[in-house]
Amino acid sequence: MSRTMTYAEAVREAMATAMTNDERVFLMGEDVGVYGGAFGVSNDLYERFGTDRVRDTTISELGIVGMGVGAALTGMRPIVEIQFSDFLCQAMDQVVNQAAKLHFMVGGQAEVPLVIRAPGGSGTGAAAQHSQSLEAWFAHVPGLKVVMPSNATDAGSLLLAALDDPNPVLVLEHKLLYKQSFEVPDEFPSARLGEGRIEREGSDLTIVATSVEVQRSVQAAEQLAEQGISAEVIDPRTIKPLDVPLILQSVARTGRVLLVQEAPKFAGFMAEVAATIAESEVFGDLQAPIRRLCGLDTPIPYSPTLEKASVPQVDDIVREAAALVGEW
Amino acid sequence: MDAMDAYRTMWRIRLFEEAVEDLYGRGMMHGTMHLSIGQEAVPTGACAALKDGDQITSTHRGHGHCIAKGADLGRSMAELLARDNGYCRGRGGSMHIADVATGNLGANGIVAGGPPIAAGAALSNKLRGTDQVCLCFHGDGAVGEGAWHEAMTLASMWNLPVVFICENNKYGMSMSSEKAFKVEHMSDKAAGYGIPGETVDGNDVEAVHEAVARAVARARAGEGPTFIEALTYRWRGHSKSDKNLYRTKEEIAQWRADDPIAAFAAVLHDREEVTQEQLNAVQDEVRTEIREAVRFGTQGEEPTVEAMMAGIYAPSPVDPRPLEARA
Amino acid sequence: MDAMDAYRTMWRIRLFEEAVEDLYGRGMMHGTMHLSIGQEAVPTGACAALKDGDQITSTHRGHGHCIAKGADLGRSMAELLARDNGYCRGRGGSMHIADVATGNLGANGIVAGGPPIAAGAALSNKLRGTDQVCLCFHGDGAVGEGAWHEAMTLASMWNLPVVFICENNKYGMSMSSEKAFKVEHMSDKAAGYGIPGETVDGNDVEAVHEAVARAVARARAGEGPTFIEALTYRWRGHSKSDKNLYRTKEEIAQWRADDPIAAFAAVLHDREEVTQEQLNAVQDEVRTEIREAVRFGTQGEEPTVEAMMAGIYAPSPVDPRPLEARA
Amino acid sequence: MSRTMTYAEAVREAMATAMTNDERVFLMGEDVGVYGGAFGVSNDLYERFGTDRVRDTTISELGIVGMGVGAALTGMRPIVEIQFSDFLCQAMDQVVNQAAKLHFMVGGQAEVPLVIRAPGGSGTGAAAQHSQSLEAWFAHVPGLKVVMPSNATDAGSLLLAALDDPNPVLVLEHKLLYKQSFEVPDEFPSARLGEGRIEREGSDLTIVATSVEVQRSVQAAEQLAEQGISAEVIDPRTIKPLDVPLILQSVARTGRVLLVQEAPKFAGFMAEVAATIAESEVFGDLQAPIRRLCGLDTPIPYSPTLEKASVPQVDDIVREAAALVGEW
């Protein structure tokens, strides 16, 4: 059985399920209460669970992530919502220097089961301070796990998995996906952080894509199929830990790989995927250089024309994939 | 403060934003939108206390600050319309409009992004030995941010020529500032930084002006920062996503009845003996200006990716040389 | 507060740190070192106001907090000696000692890293419906950080069971808190958050205890946070790199004359009729404990890289499966 | 003519030169005045230039970087010292959302000639919150330039180049280098941000290394020479902009590349270097997979034994390089 729901509804349902099943779970963030969250994700949760468990905070990202750390250390399972992932900049100390390292620094005496949810990405005309894709930073922080759901089912499943994990997990949602509808099974299937998924099978090249670029890649793969090119699309789902075996196995099979992300190219997450492939045993199977298709190395501009041109669109993926297969 | 200038400025802000709202409604503008309709008296009264060369830092709700500081309406509108002839060449939009030449150091999409920058401009004024003053607009919600606290602390420690103006419109998005901050007046917080704090009726443009003028004079005289709370209200929702569930219709209606522009018109009429015709004429002239601004904006060119990519870094005096050219 | 227990705790802190200083001096300990010698009355008096299950958060200058909250001296010393039998298995060192089981949520290398965590523990106490209280130690310098401000704001808004104790030892590294913060007492800042503030003689263990006990009672009764400033002084430099150029020899000498341990010994002797022999015996017993702690530490194993790498993440209930095992 | 000075002295001299030549330059940071800075870098500068130009701040990293932005916007050339680069976490909003993007966001109306100096790296027993190497984050931010001087001459030259640049430049110094002495020319030679250097020539493999790993790599190269292996060592000096031509040219020549950094491997900066090579025209010249030798994916531990084991040492570089050359 399946049903239709938006990505935002899936996140909300997963939060509701977790709060129903586990009294340690609560949600805290700016305007998550009566306002329903800047993107309506929490919506009516405060009515269902009360203002103790759905807590409106002041505009204090560092403070609220820190409070999440303190609550997690002492027996709770907080979900902290950061209104735009750009504002993680405000909270970096608590995310990186505290949450991520505490279990390690105290020699394993404590756990920090903290889930931070934050929407990233461009496409809404929100300009340079409200549109970043910052996943690469967090992937570089030992002690964190980082999740990037690309559809409603994953938004639910991965959030539940994050809440089951005793480590701090950053869930990077995508603004453009929130209102999009997806087919979703009646119950969110259980997920494992660190397992990716072959989103679409193919044999001529492997496309590894994250977040909103997954569906763009699938759409591109459909167009490529019309040109007689068979593209496999992989969604890592969690970028830390990364499902390296899944990627390598696919690349070994196809011999070509295109890496697609929305974030600027330079020192972005796909550099890690490229490097992992380049230093692996499948290096010898490559029939063409590894190719990245990423956002331009620019802050996200306001103009809709410029904004669209700044991040990979379906046509760009088609063009790059075709070139890659044509090459060598 | 020239009263008629102030009156005109308030209408410029009001009608600029009504035009913006209309353009959004008709799908001709995109992105997000934070309107300050109802709050016009604050930037108007405050900026009238500045002289040329003085600076401001602004917020996400910054059209009023921008206009009050003297921004060109056409280039502002063009920016919101994402055109190359806009202040930011279509790169910034509403949340990043700046007019650096006239001392408007910019709106800011980050709540409390401005206060440290304002304190830094004030430090620069001091170090450069000028008598410039920087005026820092921020919301009540911004007071929750660490950045605000650090800026207040440093500005007070160094006695910098900066005036913090808290536009207390009762809410930071949906959070009531009364519930959030356990003080009677936001200005009570100033004492914790050892600086003067004052609360004024933010819908009374003359009251705002007087308080800010005093604070600016203090700053110019080297006596350090002041914190001013201006009580006002935003008539519209926080942004387009706002369903106004956190406040009552009655509250909104009550504040709308206290229209800062109408109130000032009454003062001008009753005290200054300005005729209704004169007042109407201002409004009409501004309406024409705004129409002209929209025309200027809609006639602007689309920005190009090439120019954008060339605009990420300011040109360096020296660039890396090609390999062949190195010693 | 049991007076003799408190007296013993103060000696434990003093002699622990003297031993640490000695070990560093002899090259047997590495890294950096922040000693709280001279400040022993604050953690001692404060922690004596707590009961089992209450929590603390500590700082880079945290040995005293740790010991006063009941940490084992041997495991603490072993940690500073970077051994596997230390509290953090040699991974954390002085700046990260924690004893989570007893409610010591940890020292913190980040100035003002603790206050938000303390507020969060207090929120957790409230949500879990316990009567636990969290005590947040921080320095005067920490008040400059945005993190401190945000923690104060949120704790006050939600009326959380947390007590902020500002150990005002007059300097944040070399920055004079008198120059930095333009208030007569740091506790004057509390009013800006709508919570009670109080300044106590931080070298008087009984005064500290009474003030903290009142604040803890308030917090336990659901009446919210309190901010307590304890005036004290660090005898040693900030850390090893300190040349003490920012303060005078006279100032140091004057504060050393106000030794909190000697002062309390005098009180015990004069008021409680404790004999000099009894007082000496405490000191001797503690000296033995410390010697034992050093022995425990130096006998610890070296930590291994394998165990370290296995200790970055807590074990997940489910791990990713090998490819073959997937559906 | 040359002379001997420490890395810290070089930074100090460059600051003094800049302050002498340009009255817009001033220094601001925690304990930079009478204390001389946590690492003694500013030492007596406050006596020479006065407390107006060598300013002690409160402990407020976000505030002081923000003040640097405001001062830079209005005609000054501030140097902001962050005591440990780990505390850039506190200042991320002003570094990333303000300083880096302002010139862009305002359509070129303003410049932000701000220099931020911050020491990174491990090796002093300062543990997980005082030992990070965070360069990868900043390399990923369009609008920033990032410099990593590996010796005293560069510490001086690159700082002066940074101060001449109209863009925000982050100078990541290294704690372990501060006290180390180097031969330095009488005047710091002028440098260009974006030009790397061949630190040592060689023909069997290319080692690209940053910061403290440069000298470790040179030492390793000397040991390798004894084994008959000729290693070329490249120091990019600035990692953003990166001197891609210099690296590619070398790799094309040697056919083998080892990338060495202190930061944890996963999503670190060397991933970008690996990816750049893997997608370039020299891909076909590679005679072995690209190899990275990086810090372990762990927070830096306190124990000196563990700490040393966590980041690449000379022996590790020798071992990896030899294996790489032996391979295939």
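Details
For reference, chains read A, B, C and D in written order, and residue numbers begin at 1 within each chain.
Keep this in mind: a residue touches a chain if its C-beta (ideal position, glycine included) is under 8 Å from a C-beta of that chain, and two chains touch if they have at least 3 such contacts.
Only a predicted model underlies this, so the values are computations on that prediction, with no experimental measurement involved.
By number of C-beta pairs in contact, A-C leads when A-C and C-D are compared.
Among the remaining chains, B is positioned farthest from subunit C, on the basis of C-alpha centroids.
With each centre defined as the average position of its C-alpha atoms, the distance from subunit A to subunit D rounds to 30 Å.
Rounded to whole angstrom units, the spacing between the C-alpha centres of subunit B and subunit C is 44. One finds 38 Å separating the Cα centroids of subunit A and subunit C. The distance from the centre of subunit C to the centre of subunit D, each centre being the mean of the chain's C-alpha atoms, comes to 35 Å.
The multi-chain contact residues of subunit B, meaning those touching 2 or more other chains, are 88, 90-92, 96, 108-110, 113, 144-147, 150, 153, 157, 180-181, 312.
Across the assembly, subunit A contributes residues 57-58, 60, 62-63, 86-87, 90, 93, 97, 104-105, 127-129, 142-143, 297-299, 301 that each touch 2 or more other chains. Contact residues on subunit A toward subunit B in their complex (touch as defined above): 30-31, 33-36, 38-40, 56-60, 62-63, 86-87, 90, 124-130, 296-299, 301-306, 309-310.
In the complex of the two chains, the subunit D residues touching subunit A come out as 86-87, 89-90, 92-93, 96-97, 100-101, 104-105, 127-129, 136-137, 139-140, 142-143, 240, 242, 263-264, 266-272, 274-275, 277-281, 283-284, 289-292, 297-299, 301.
Residues 143-150, 153, 156-157, 179-183, 188-189, 191-195 of subunit B are the ones touching subunit C in the complex. If you check the complex, the residues on subunit C that touch subunit A are 55, 57, 86-92, 96, 98-101, 105-106, 108-110, 113, 115-125, 127-128, 134, 146-147, 150-151, 153-154, 157-158, 311-323, 326. Partner subunit A is touched in their complex by these residues of subunit B: 30-32, 79, 82-83, 88, 90-93, 95-96, 108-113, 141-142, 144-147, 172-175, 180-181, 241-243, 245-246, 302-303, 305, 308-309, 312.
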